[in-house]
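Several structures are given next for inspection.
The same chain A turns up in both complexes below, where it pairs with chain B and then with chain C.
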Partner chain A sequence: MKDKILLKENLVSFGNSLIEQYRLIAPVKSNGFSLYKPVGNASEICLDYLRPLKSAKEIFFPQNETLFFFNKKTQKIAEPAYDKKPTILFGAVACDLAGIAAQDRLFSAGAYLDSYYLKRRRNSILIGMACPEPGEMCFCGFFGIDRFASDIADLFFTPFSDKYYIKVNTEAGARLVESLPDAAAADAKTVERLRCENAEPKWDIPPLDELARMLAEGFEADVWDEIAQKCIGCAACTFVCPTCHCFDITDEAKGEIGRRVRTWDGCMFPKFTLHASGHNPRTKGGQRMRQRILHKFSYFKDNQGVVSCTGCGRCAEICPVNVDIREVLKQLGEACERKS
Partner chain B sequence: MSENPENPYLPRPMRIVRITVESSTRDTRTFELEWVNPEDGRAFLYLPGQFAELSVLGSGEAPISITSSPTQPNLQFCIKRMGVVTTAIHYMKEGDTLGVRGPYGNTFPLDLFKGKNILFIAGGIGLAPLRSVINYMLDDSHRKDYKDITILYGARTPGDLLFKYDLKAWGERPDVAYLETVDRAAAGYAGRVGFVPALLDQTAPKPKDTVAITCGPPIMIKYVLKSLTELGFPPEMIITTLEMRMKCGIGKCGRCNIGKYYVCIDGPVFSYAQLQKMPKEY
Partner chain C sequence: MDIQSEIQKIAARLLKNKEVAMVIGYGAGSAPNRTAPVFIDKEKDVGKLVFNRFCVNNLSLYLPRLKEKGKIAIVAKPCDVRTIVCLIQEKQIERDKVHIISFACPGLLEKDGKTLFASCAECAVTLPPVYDTLSGEAKEMERNEPFTDRVADFFSKMPAERWEMFKAEMEKCIRCYACRNACPMCYCEECFVERSLPRWIGEGSEVTDTMIFHIVRAIHTAGRCGECGACARACPMDVNLAPLAKQIREDMLNLFHHQAGVDPNAPAALETFKPDDYNDFIK
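Take a look at the complex of A and B:
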């Protein structure tokens, strides 16, 4: 598959050619924020962003979703209608693509496939976009995420001068760009140079393998309570996170008619683990903070093979009391050093 | 990419054929269910230890352990009225329909149990999941696979002793040693009074070739584990079941983990040896 070139001035016509056959989702400006949203005309696409305010996860795992409708009297249940038009996610940054890769693993893991997630995901095409410059809260490089490439993207765009260099990763992607001119060897070199010039800075966080050891040893550490002191349990961090996948299942009914809904939930909510008996294994903020961090850096890795943090920095950015996940990891490292 | 996975979240309808009030306070009942569509029943193959998500349209779902044995014809769930869903189920009558999806979770390690003496230690409604494996072992087709079977059971009061029809049958069987106790006696009760761990200490079972299976309130399990360890039971030969708040039952919703273990798919049955490796967060 040959890599392709698209002139920036042709982006709108390229985008509009996709809209005919696909539901196109791309970053747009909305109330001063960049958000991934369905696009009616490609001229709405706005690429002057670092990364959208919310992650791309809701495209495949919506914040609220009807599992089925029911009638209490007849006991009949009916699955919601499903739009068969395939989705193209255009302009996803590498941290969000890594988030989708993590969710792919979870929702297709084990003996049970999540049909709701997979029917959307399997009917989608991902088009990545190079992130020119990490934001203030970003640390994707810490996880080895390449801002200029992604394995799970069908196509990956890198802007340079008046063009996009299009890396073609899959047949499905190749079909979308068939009519575009092939990239020249010189273009590939230009993109590679861009990538080298934008090498990641060093991070003063303990490296991942060392972190794993610290997390195992530091389960009972006092530092969790210290870190959690200012947390107000709003769980905004879990909502903007590209990998957080916790959900609740509840029924809504009016009279005889109702629906079963799944909605995002979060381990930072104090009642998240409350049993019907009144017992709650995580009553303290420190326990919940520990769950969130260990799930990302230890449990998810053990179960699904990857760390479930992509360094997008959104949790730190959204937190109303400035809990910064990078600082949490640093504090944990320092606490472990003090101990040893 | 065109493969269409089956929807794991759809409950299958079951009809309530019998409701047995188990406790004198009427807050615990056993619901015996039969499949509305027999093909759903053929797909629902379970072993002792597993659970199912019970669904009441309009109220929601709750994970409940299966108390019947696969050697019995119908599915049975023993349910204590605790929250929204279990309350809704308690309002149901024989002939009503509820939804079931599952079976979920692992099973009791039946291979480990084969050829051994079996010691059951149950407290309160903790007998519900153990009753499944007890009746499985006591079934004519399986009894020969196990040596001595001892059942120690306790509840708060005589009125809280569940499955009295089974307790009586077990007590009458020559091939079962059944001992019961209550925390507090009541008028007309002539039996043993005391906590389950004390009964265990008095009984002092020998650990040789014996597997202990325990389920009950956390405080009981704590002291039972201590007593069994003092009696010389190795942690691999002590089996228990855990519960956590659950929603999906299939390892996706992120709610029931203890460390990296998800009670819904890695449990609910764990050995004490496994428990010792888990973070103390349950």
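Take a look at the complex of A and C:
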């Protein structure tokens, strides 16, 4: 499969050629910030933002999704309508693609196949886009995520001068760019140089293997209460996160007729773990903060083989009280050092 | 002396003399143009207190949950003081258990470091209604030009258009509840949105449910909202929450002659009635 070149000035016509056959989702400017949204015309695509405010996860795992409709009287259930048109996610940044990779592991892990997720995900094509400059809250480099490539993307775009270099990863991707000119060896070199010039800075966060040890040792540490003291227990951080996947299932009915819905939930809500008995095993903010961090850096890794943080920095960006996950990890490291 | 140095000095004195157990204030944020709440209980740590135009939180939300620590000093903007007054009126905290460190407010800036927050541009109070220590000098706030009064703008529209505007705002909401949780007056241990027996509203992001959440929250803060704007600043989706809150504040003033957060000795709006009320059902 040959890599391709697209002139920036041809982006809109390229995008519009996709819209005929696919549901195209791309970053658009909406109310002064960027969001991944379905586009009717490729001219709506807006790439001058760092990364969309919300992650791309809702394309495959919507915040609110009808699982089925029911009628208690007739004892019948009905599946909701599903648009079979395949989806192209265009302009996904590397941290979001890593997020989708984590979601893929979870929703198709072993015996637990999530048909709702998979029917959307399997009917999709991912087109990545390099971030030229990380934002002030970004730390994807800490996880070794390459801003200029992604295995999970069918195609990956890197902007340089007046062009996009298109790395072709799959047959499905290749078919979309068939008619575009091949990339020259010099173009590949330019992109490689860009990537080297943009090598990641050093992070003053404990390295991942050390973190794993700290998390295991620090389960009962007082530092969790310290970290969580300012947290106000909203779920903004989990809702914007590309890897958070917790949900709740409820019935919404009027009389005998209704629907069963699944809705995003988040471990930072104090009621997240409230049992039907009235008992709540996580009553303290520190316990909830610990759950969020341990799930990302310890449990998910144990169960799925990767950490479930991609360093997108969104949680830090939107937290109303500036709980910055990088600081949290640092604080944890310091607390462990104090102890030993 | 600048406000930050004065705050640090006052905090140091209060902690040194053991007048308070803790000072809640603003500390440095993790990126430029941000701050984060800090909780200081040692005199040596008062250097962590900062003051700048990015002190966006209303810290009084932490007062009720920390009251078992004893007397607490709090760095509070004049609008934040209004919610402290409401918390006192509603017996969530006691007046003599809180030391209010306030100042003449210069107004807050958005993260761009230039634009005055809409809630601050609309604010008429640059001095706190009550305080224990006060820093700075009251000045006329420098407003953005051109200044649009979002509330007046909203209410100048015809109902159908208003409905569309409201709906468009509500469609932005992701129901993260940061607005509610950032609000000192939303201190209910169980919010109606989380009740499951019976369930009041659907859990998801359906716009009608979202509307009910915001309308009920606005009504629940009637006569209690200090108009600090912390809810709107906490919102990650930039939902314009002002028109609802502001109109209710105006209704409270016009219909009940009640202004939230002015006098800690006055009764709370919702716990009083007047024998000469113009509504018949009250008699």
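As a convention for this text, the second predicted complex is superposed on the first by the 340 of 340 C-alpha atoms of A that agree within 3 Å, B and C clash if a C-alpha of one lies under 4 Å from a C-alpha of the other, contacts with A are read in each partner's own complex, and residues count from 1 in each chain.
Simple rule for what comes next: a contact is a pair of C-beta atoms (placed from the backbone, for glycine too) under 8 Å apart; a residue touches a chain by one contact, two chains touch by 3 or more.
Everything numeric here is computed off the predicted structure, so don't read it as measured data.
With both structures placed on the common chain, the touch criterion links A:Gly32 to chain C but leaves chain B unconnected. In the overlay built on the shared chain, the residue A:Glu327 is in contact with chain C alone; chain B does not reach it. When the shared chain is aligned, chain B comes close enough to touch A:Asn123, but chain C does not.
Shared-chain residue A:Leu67: touches chain B; no touch with chain C.
When the two structures are aligned on the shared chain, A:Ser115 is found in touch with chain B, with no touch to chain C. Using the contact criterion defined above for the overlaid structures, shared-chain residue A:Tyr82 touches neither chain B nor chain C, since it reaches no partner.
By the touch criterion stated above, A:Leu53 is placed in contact with chain C alone, chain B being left untouched. After superposition on the shared chain, chain A has more residues touched by B, the comparison being chain B against chain C.
Overlap of the chain B and chain C contact sets on chain A: residues 248, 250. Looking at the complex, you find that chain C touches chain A at residues 29-32, 34-39, 56-57, 61-62, 172, 174, 176-178, 180-182, 194, 199, 202-206, 233-234, 236-238.
The residues of chain A lying in touch with chain B in their complex are 67-68, 70-72, 75, 77, 79, 106-107, 109-116, 118-119, 122-123, 219, 244-251, 253, 258, 260, 262, 265, 267, 272-277, 279, 281-282, 287, 291, 294-295, 298-299, 302-303.
Within the complex formed with chain C, the chain A residues making contact are 31-33, 53-54, 63-64, 136-137, 229-230, 232-236, 239-240, 248, 250, 252, 261, 263, 269, 271, 316, 318, 320-324, 326-327.
The touching residues of chain B, counted against chain A in their complex, run 1-11, 13, 57-62, 82-83, 86, 97, 218, 243-245, 247-248, 250-255, 257-260, 262, 265, 279, 281-282.
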